[in-house]
Amino acid sequence: MIVVMAPDAGIAEIGGVIREIERLGYTPRPSHGRSGTVIGVVGAGAAGDLAHLAEFPGVARLEEVAHPYKLVAREARPEPTVIPLRHGEVGGREFVVMAGPCSVESREQVLAAARAVAGAGARVLRGGAFKPRTSPYSFQGLGEEGLRLLAEARRETSLDVVTEVMAPEQVALVAEHADILQVGARNMQNYALLEAVGRARRPVLLKRGMMSTLEELLLAAEYIMANGNHQVMLCERGIRTFETATRNTCDIGAVPALKSLTHLPVIVDPSHAVGVRAWVPAVARAALAAGADGIIVEVHPDPDRALSDGAQSLTPDGFRELMASLAAMAPAVGRELSIPV
Amino acid sequence: MIVVMAPDAGIAEIGGVIREIERLGYTPRPSHGRSGTVIGVVGAGAAGDLAHLAEFPGVARLEEVAHPYKLVAREARPEPTVIPLRHGEVGGREFVVMAGPCSVESREQVLAAARAVAGAGARVLRGGAFKPRTSPYSFQGLGEEGLRLLAEARRETSLDVVTEVMAPEQVALVAEHADILQVGARNMQNYALLEAVGRARRPVLLKRGMMSTLEELLLAAEYIMANGNHQVMLCERGIRTFETATRNTCDIGAVPALKSLTHLPVIVDPSHAVGVRAWVPAVARAALAAGADGIIVEVHPDPDRALSDGAQSLTPDGFRELMASLAAMAPAVGRELSIPV
Amino acid sequence: MIVVMAPDAGIAEIGGVIREIERLGYTPRPSHGRSGTVIGVVGAGAAGDLAHLAEFPGVARLEEVAHPYKLVAREARPEPTVIPLRHGEVGGREFVVMAGPCSVESREQVLAAARAVAGAGARVLRGGAFKPRTSPYSFQGLGEEGLRLLAEARRETSLDVVTEVMAPEQVALVAEHADILQVGARNMQNYALLEAVGRARRPVLLKRGMMSTLEELLLAAEYIMANGNHQVMLCERGIRTFETATRNTCDIGAVPALKSLTHLPVIVDPSHAVGVRAWVPAVARAALAAGADGIIVEVHPDPDRALSDGAQSLTPDGFRELMASLAAMAPAVGRELSIPV
Amino acid sequence: MIVVMAPDAGIAEIGGVIREIERLGYTPRPSHGRSGTVIGVVGAGAAGDLAHLAEFPGVARLEEVAHPYKLVAREARPEPTVIPLRHGEVGGREFVVMAGPCSVESREQVLAAARAVAGAGARVLRGGAFKPRTSPYSFQGLGEEGLRLLAEARRETSLDVVTEVMAPEQVALVAEHADILQVGARNMQNYALLEAVGRARRPVLLKRGMMSTLEELLLAAEYIMANGNHQVMLCERGIRTFETATRNTCDIGAVPALKSLTHLPVIVDPSHAVGVRAWVPAVARAALAAGADGIIVEVHPDPDRALSDGAQSLTPDGFRELMASLAAMAPAVGRELSIPV
């Protein structure tokens, strides 16, 4: 259940509701938005216990939540979650582009990529320092050295940095160097990791597991929010199906579905979704048209020599063209995207 | 193999190549486009037999086709296939909208739907007279009476009509009343039907099977072309995956993939792909952004009373809003779509 | 709804119920088993109309059917459907083995295969005369000549013959030469074909579509039964999933699921399910252990030269070994399978 | 590449090969079996460097490994890996049954379950102390208290204990109380966890991810082996497909496929695979027939009151019947399974 507080409810009234929820043996999960406060009620007490909360001072109404998730549900928060960046924000009117190489490979490579994507209008630099690889014998990333290179690129370009964290014990280290913590598709149901990023003070980009339903994705986000971190972005990155012409199948219908089910921002990763460079821009444009709040796309200064994902990485030129086409489209679908002239 | 004739090759030269192909025990499949003629060579003769064709008068070059399909391959035809309509054409610069009810239910219903979609800028009226239904006890369509109602709606609105044909013996009847023959998803590998529509003199809208790869879709189109009918449109209508939040999963990456593999037009059916009315427009816009040549969308004058697919049918008002948003977007992605003011 | 007649109900009582059902505007579908008669009631009359049938003479009880299918449901027939063969029967205690080549290629080949499988204990000869092929350029089978060769092999071995029928207009021809009509996976929802075999006087082996649910399979069988043919065998032949190590994924859980949902016999096709010769016997044994009523397995006298499916065909020696292992297992799982000594 | 040492190769010869591999910049991964030693060569040196190893004393031959995995490959170890238990062993002639509740709920419950499954012939007690749950609000297991209860049940019954470990930092604690560490399906690609159990001194039961290919499963096992732990069992527990009649789809073909690709034992989990109590025994028998080395099955003293997975848990009586049927079948498929009389 969700307790929706009146817009003018004060701290004393909110506190009174929270204490009553605790007294009844439930856990209160307050969420404060611009248009007021809602309090999720979590736990397994007796049904019907809570009806009298509707009479408490400052309470606007009680809402039953039909889903197994609560805090992520649209009903729990009337306005969209907006996550501020160094420049701009995710979840507002702007269509935010995150771009950069699959892996951080060297100082030269990451700086070249950062300059290229910043110069074309990206807001966030992506790049993997810790890489989850299917084989133990594949390149596993530069680790902490990679994080330092990303931080250096950020200082030079003033892009925000998003990078993957693979284990609970890495969270503090990654949070020190990065602005946004990425949870990868393979770890979407790694609950120890979800709890750890839920306790971190950094926004989280949560990638949908390649085998995960939208409900499971929302429940994974619920793990993060239930641990106190409300700054979660959901990322559709293609699901695994029988089709092998593309690397994965981009579930574009997930964009309107998620936007109607949750207040959290939705990002699309067209690079992993299709896996073929020439087809990435079409899917990126489809994401904008379908209502996504942004994309995360792989760009490499020299894709043919990339240590990973070269076949799906855009060149800097290709990325500039993509940005120009997105900027041309954005106003027609009610979004903003400005690119350097 | 494909024999590409020089742009100025004459009928005698083309005939000479065809006769030589036949003499060697292969079957020639000529295709005439604006920029010249190409001749597919089909059959199982000895490899290497054909090299001397390169020396024949009027031959520009020979091309090996790496795919199991030949006539549908982009290599087989340098320019896109364009299919003329009563007004406009499919496969050119225009983004073509086909719309109408799932099933023809009554004269009033189909005429109301036809006027509504024509008034909003659709080019083609869709509507099922013969309905493939999972259960033998579900409404199976009005049959021939439905075809006559569609033809009446066409006379009134000058829309083209697309409707499904379910069996070889229905082809003549359906072709008498409809402009475009639809092969449904369940019949994508019904080879007797593919051969029958391949011998018909009507364009074909071939829907991808819910379980079919892009290669299988292209090979199904090859069956139609190999029987002489080159006017084929491919339709992505959502594939079956593990996800149940949407009716099917719209494989938006299939659009750029198909556009790069074949010269045939690509249509998206957002209604069957997501199955939820509120999510249909987002996917329709994604189709335009991804490079599709058109959409086919369900519109019903009174969706809540529809005999089939009501939950995914747009209302006439919803359809007008969708058309307005598509018309606003189209120029930004290099397409045309004009709607009545 | 299902009307279950008392075991001792006579023809007059059954007729009375049938007439009353018709009078109310429904269609009666009687089914006569050893333990009595049940009458399915099909149609879309007003709910509640039928309660008074419970008072009719000879009626034991009325049963609501919770599934969208009726005639195939276990509730509709208390005892298993048993389909008699020239020797033995399908759906009884015997575990029935159907075996033979993918395609009929020549007189020598089909006779050699027939002798080999008959000599090892098979009851039914399989072999394709009309072949559904993904590509229009692949070998499409010998057609009517193939049917004649199968009939010759039957005369020599006294095996029953099962072969595929691909279109309604082929039904009469195939039924003339074959004992069992096979509907292939690609045609599982070809309703014109289902209706045609439903009107035929031959048992039908209905293969599950490669991406069809069990409910869709049961509804396809319902189409056949609703047209009057009650001798239907369901065949699990592997479904399409993301896994590519095997040709398809054998859904072994479908066997107990189907046996609990329907009275129809269940056959497993391990050859198409795994697609690798060395792995076929393990899956064949799993089918027996899981409760299937039989298998259909590809055997070729010289698999390396087969025109189709050679990689998954057993050799005659491999088939004999498989039969020996199945015969050793059968009594331990309550089945019979006798092989020549 | 794999270096296969001669059966009589001594420690000095093995050491010589290892030093040479290291000198060339590769990492040697020796594996000692009853029939000799093989040394995997891991790393990214220049191709062709290693040919001269064939001439080293004690080397029988070099083998290229066509797969991306090395240590798990059948080529790397001529005989099956056998994992000893307190009573019996996994991977030998015996068909090993692991059984018990989904979650440890209470002392009474786990002791009752342990006695029941031990009394019916199980070798290993399963039970979850740390439970991965899709929702943060579901019962998450008793944690360390659950581990102590499992250890108590082991002391009383002398069953081995298998239980899940969900995070690297839990490995030491779980290894203290359990005999076998289970890595759950959701964590199959949690590489930090795979590395941690790879450094543990306990056998590992590695469950296949619900949408993981066999190759990914083998590579996950390779992570564990590459970290030094060679006692890995692979568990097929059903994959996620479009079918919803069963909880997952049991990929029975994976059993012969894995047995031909790897020397590691293969276990099937019929409970999660089908998810319906009545259908579990059929799939368990199919696993035995298909060549699995054992099963892991859910048994609860009172399934209708289970906190998790009650619908798929066998009762103690149902489990005894299953064991009797498996024991009856085992000799017919060349396996041993003895049950108390």
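A few points about this structure:
Letters A, B, C and D mark the chains in the order given here, with residues in each chain numbered from 1 onward.
The working rule: contacts are C-beta pairs under 8 Å (C-beta built on N, C-alpha and C of every residue); 3 or more make two chains touch, one makes a residue touch a chain.
Computed from a predicted structure; not experimentally measured.
If you compare B-D with C-D, the chain pair joined by more contacting C-beta pairs is C-D. A centroid comparison over C-alpha atoms places D as the chain most distant from subunit B. Once the centre of each chain is set as its mean CA position, subunit C and subunit D turn out to be 37 Å apart. A separation of 50 Å divides the Cα centre of subunit B from that of subunit D. Touching of two or more other chains is recorded for residues 211, 240-242, 244 of subunit B.
Against subunit A, the residues of subunit C that register as touching in their complex are 211, 240-242, 244.
For subunit B in complex with subunit C, the touching residues are 42-44, 68-70, 132-137, 166-169, 186-187, 189-193, 209-211, 216, 219, 222-223, 226, 240.
Across the complex, subunit D is touched by residues 211, 213-215, 238-239, 241-246, 249-257, 259-260, 273-274, 276, 278-279, 281-283, 285-291, 325, 328-329, 332-333 of subunit C.
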